[in-house]
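What follows is a set of structures for review.
Next come two complexes, and both contain chain A; in the first it sits with chain B, in the second with chain C.
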Partner chain A sequence: MIDGLGSTGTTPLHRLPAGVKLAGLAVIATVLFVVREPMVLTAVAAAAIAVALSTGRGVAATARDLALPLGLVAAIGAVEWGLGDGEVAACVVPRLVALLFLAHAVTLTTSTAELAETFEAGLAPFERLGLIDAGRAALTLTLAIRFVPLIVEEAREIREAQAARGLSIRPTALIVPLVVRVLVRAEEVADAIDARGFPPNKNSNM
Partner chain B sequence: MERQWPTETTDTTAPIGQTIVFADVSVVRDGAIALRRVSATLTERRIGVVGLNGSGKSTLLKAIVGLVAPSEGTIAVDGRDAVTEARAVRATTGLLFQNPDSQIVFPIVGDDLAFGLKNHGVARAEVGDRVATTLERLGIARLAERRIHELSGGEKQLVALAGLLVIEPKTLLFDEPTSQLDLKNRNRLRGLLADLPQQAIVASHDLELLADFDRVLVIEAGRIVFDGEPAAAIATHIERSA
Partner chain C sequence: MTTRDLGFVALFAALIVALGLVPAVPLAGLPVPITLQSAGVMLAGLLLGPKRGTAAVAVVIALVGLGFPVLSGGRGGLAVWVGPTAGFLFGWLAAAFVAGTVAMRLDTEAHAPGVRLAGLIGGAILGGIVVLYAFGIAWLTFGAGFAFPKAFVGSMTFLPGDIAKALIAAFVTAQVRRAFRLERK
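Moving on to the complex of A and B:
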């Protein structure tokens, strides 16, 4: 999913401000959980798929991006159906599909910097109340997006090194060295962020 | 041998630098002494630091930007204390980490350069121009919209360097800048280093890189055991490492 994040483009969704997209997503998500008409929800899901495809990402790439969460949605639907509640399944599946595609459309058409800035602006009232440091919360979001591919790459390196030494794939053999590497990396990243002058000067013009 | 560098300049090719003073500095990290009673005044344009792994090279660089606090002594950068005035010191002094993946915070190249500018309070209107100019200067303007995890090791190193240069520091600190680079990128970095007007302090095992520097410090178990001309410093390092 990370591959498509913040892709550049000139579609109407790309041009829409990040705040508007996120607010719209929040409103639609809320409405979707109130609606209980399978036909309406299915129509919204179809529209959401069309919106996601309008970003220019392409059918194959979008399917690849969302394969895992769509699989989970299918599993949830199957469980509901298996429990004998077909009506609930007919609502839950299109509702989650709609949310997945809309959220994907937002992340595809919004840069991480824009997302972080909007997130920070949204949290500003809570910062004024002394409840949260909005800048740090926004940086956390950025770091999560930045380091997912890096952690995946490190996991692959560990797995390859273990395979080269004849070790069969075992979750515990992978997790322990991965956690150690991630912790060491986290310390380096924290130093680098400090060295680059974070947190920002509060008197800045930004 | 010692020279004073202008603190402000409008000429982008004129040398820029600071006076960095270590006054009897000792650093203890994880219960071990990383630096022992280091005293030195660094003013030259190109300063090398050599030593075996764990000798204290990285600690010395981190201490200059206040990432590591001395347990004894003080470090001053153009008269500002590296610990108590760390923000001011970091606005004029950039540290390039050994692994660029640890240094690059944003997933997109241009956004990462903007991160440093935002931290240092640069006006929003200036950010785009400065990012574009810096990427152009390093010959990597084509990478502006690229995702970091798609870049090669050499490209990441250049992006990390661009992230420092964009804030227009007076001094650049390089921690093993060539250790992860192939020959082509190593030569490219060497060329860039030669052209940079900023003062540079480079900790490296790459003795060839340091050969034409103004001054080289040899560090052993946290102490400066030699401080002088590169040829003599490199010979001392090789002899003591044998």
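Moving on to the complex of A and C:
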């Protein structure tokens, strides 16, 4: 799943600089939570879905990528609606749908290297103040974004394996193996980074 | 911070995000979809220790500000940073730090198994509930202008779920540490 993300391509969104995409996402995310017009939010959600599909990822693949969070959004909408807050549901659902598809479009069309470079450039002022090591902080942010889909996928696999064996799906039964896998993978990632000698440790605080 | 620490911080931040995106266990009789995201925050402190646990939470908060839908149910954006519930978001930093500090003191070889488990549960509750709610309710009252009783009572509706999550975080920590040796820092 992870190799499908941040892949190369030539769509307009791929060619847009990462800084523009990240700034745009931040602005739209902020505006979306201020707007309280169901019609406007629904239009934005439709546009967001169109933007996500313009990346060439395909309808089926995109639906699979976002199935779990979209299921949660549907549940939230159903609860709001069930509580008699149809108006709230009409705002919450399109708002969250828009944000999920737009953020997915950004991660789909931006390579890991480009993402890290952009974060590093954005964090440079804080490095000049002596607050952080911009290169390492940017790498941490980028790794976190890249590994979310992988961990969601692993959670799904663990749950399916346990369901297949007829085990009850208790929270600890899901999280314990998931956390162990995450810790093991974190060590592998650290080794891979060290093997490539990146980024140089400047002995400053993260 | 070593590269290994960087890996733990980044992947634990990703785990906290993932736990907010995966619809968690349907609890009988509870209509609200529950995620284990706040249990992930307590886990970060309990497992990684105060410094790295707080760093993992800081990464998640940064991703929220960048507009990524990383909070439970897909919320994100700078609006969350300044919204009425911002105290609960930034309070996560203190929650992970306090949980990690308590765990580092009490969950050691020097203590009896009972003390160790009590330390994990106590750390999760002190950080993830007492300290977190103090931040959350303070911001609801002074930042968002809710009357204190309303802010307090409203927050208390989350208490049963959060107690369950603190217990989950503590038991998961004890079990994971049997499978994976990890020093806290």
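What we mean here is this: the second predicted complex is superposed on the first by the 139 of 206 C-alpha atoms of A that agree within 3 Å, B and C clash if a C-alpha of one lies under 4 Å from a C-alpha of the other, contacts with A are read in each partner's own complex, and residues count from 1 in each chain.
The definition used in the following text is that contacts are C-beta pairs under 8 Å (C-beta built on N, C-alpha and C of every residue); 3 or more make two chains touch, one makes a residue touch a chain.
In this text, all values refer to a predicted model and were calculated from it rather than measured experimentally.
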Fill in the blank from the handout: Of the two partners chain B and chain C, more of chain A gets touched by chain C
Practice task
Classify the contacts of A:Thr140 with the two partner chains as first (chain B alone), second (chain C alone), both, or neither.
Solution key: second
Practice task
Figure out whether A:Arg185 sits in contact with chain B (first) or chain C (second), or with both, or with neither.
Solution key: both
Exercise for the section: Examine A:Asp194 and indicate which partner it touches, taking first as chain B and second as chain C; both and neither are also allowed. Expected result: both
Exercise for the section: Return first, second, both or neither, reflecting whether A:Leu99 touches chain B, chain C, both chains, or no partner chain. Expected result: second
Practice task
Could you say whether A:Thr10 touches chain B, chain C, both of them, or neither, answering first, second, both or neither?
Solution key: neither
Problem - Touched partner set for A:Ala29, first chain B, second chain C, both or neither - result: second
Practice task
Name the residues of chain A shared by its contacts with chain B and its contacts with chain C.
Solution key: 139, 143, 145-146, 150, 185, 189, 193-194, 201, 205-206
Practice task
Give every residue of chain A touching chain B within the complex, in rising order.
Solution key: 2-3, 5-6, 8, 111-113, 139, 142-143, 145-146, 149-150, 153, 185, 188-189, 191-201, 203-206
Exercise for the section: Would you mind writing out the residues of chain A in touch with chain C in their complex? Expected result: 22, 25-30, 32-34, 68-69, 71-73, 75-76, 79, 82, 96, 99-100, 102-103, 136, 139-141, 143-148, 150-152, 155-156, 169-172, 174-176, 178-180, 182-187, 189-190, 193-194, 201, 205-206
Problem - Of chain C, residues touching chain A in the complex - result: 1-15, 17-19, 21-25, 31-33, 35-36, 39, 43, 47, 55, 59-60, 62-63, 65-70, 72-80, 83, 168, 171-172, 175-176, 179-180, 182
Problem - Complex contacts: residues of chain B adjacent to chain A - result: 62, 65, 67, 86-87, 90-91, 94-95, 97, 99, 101-108, 111, 114-116, 118-124, 127, 145, 147-149, 163, 167
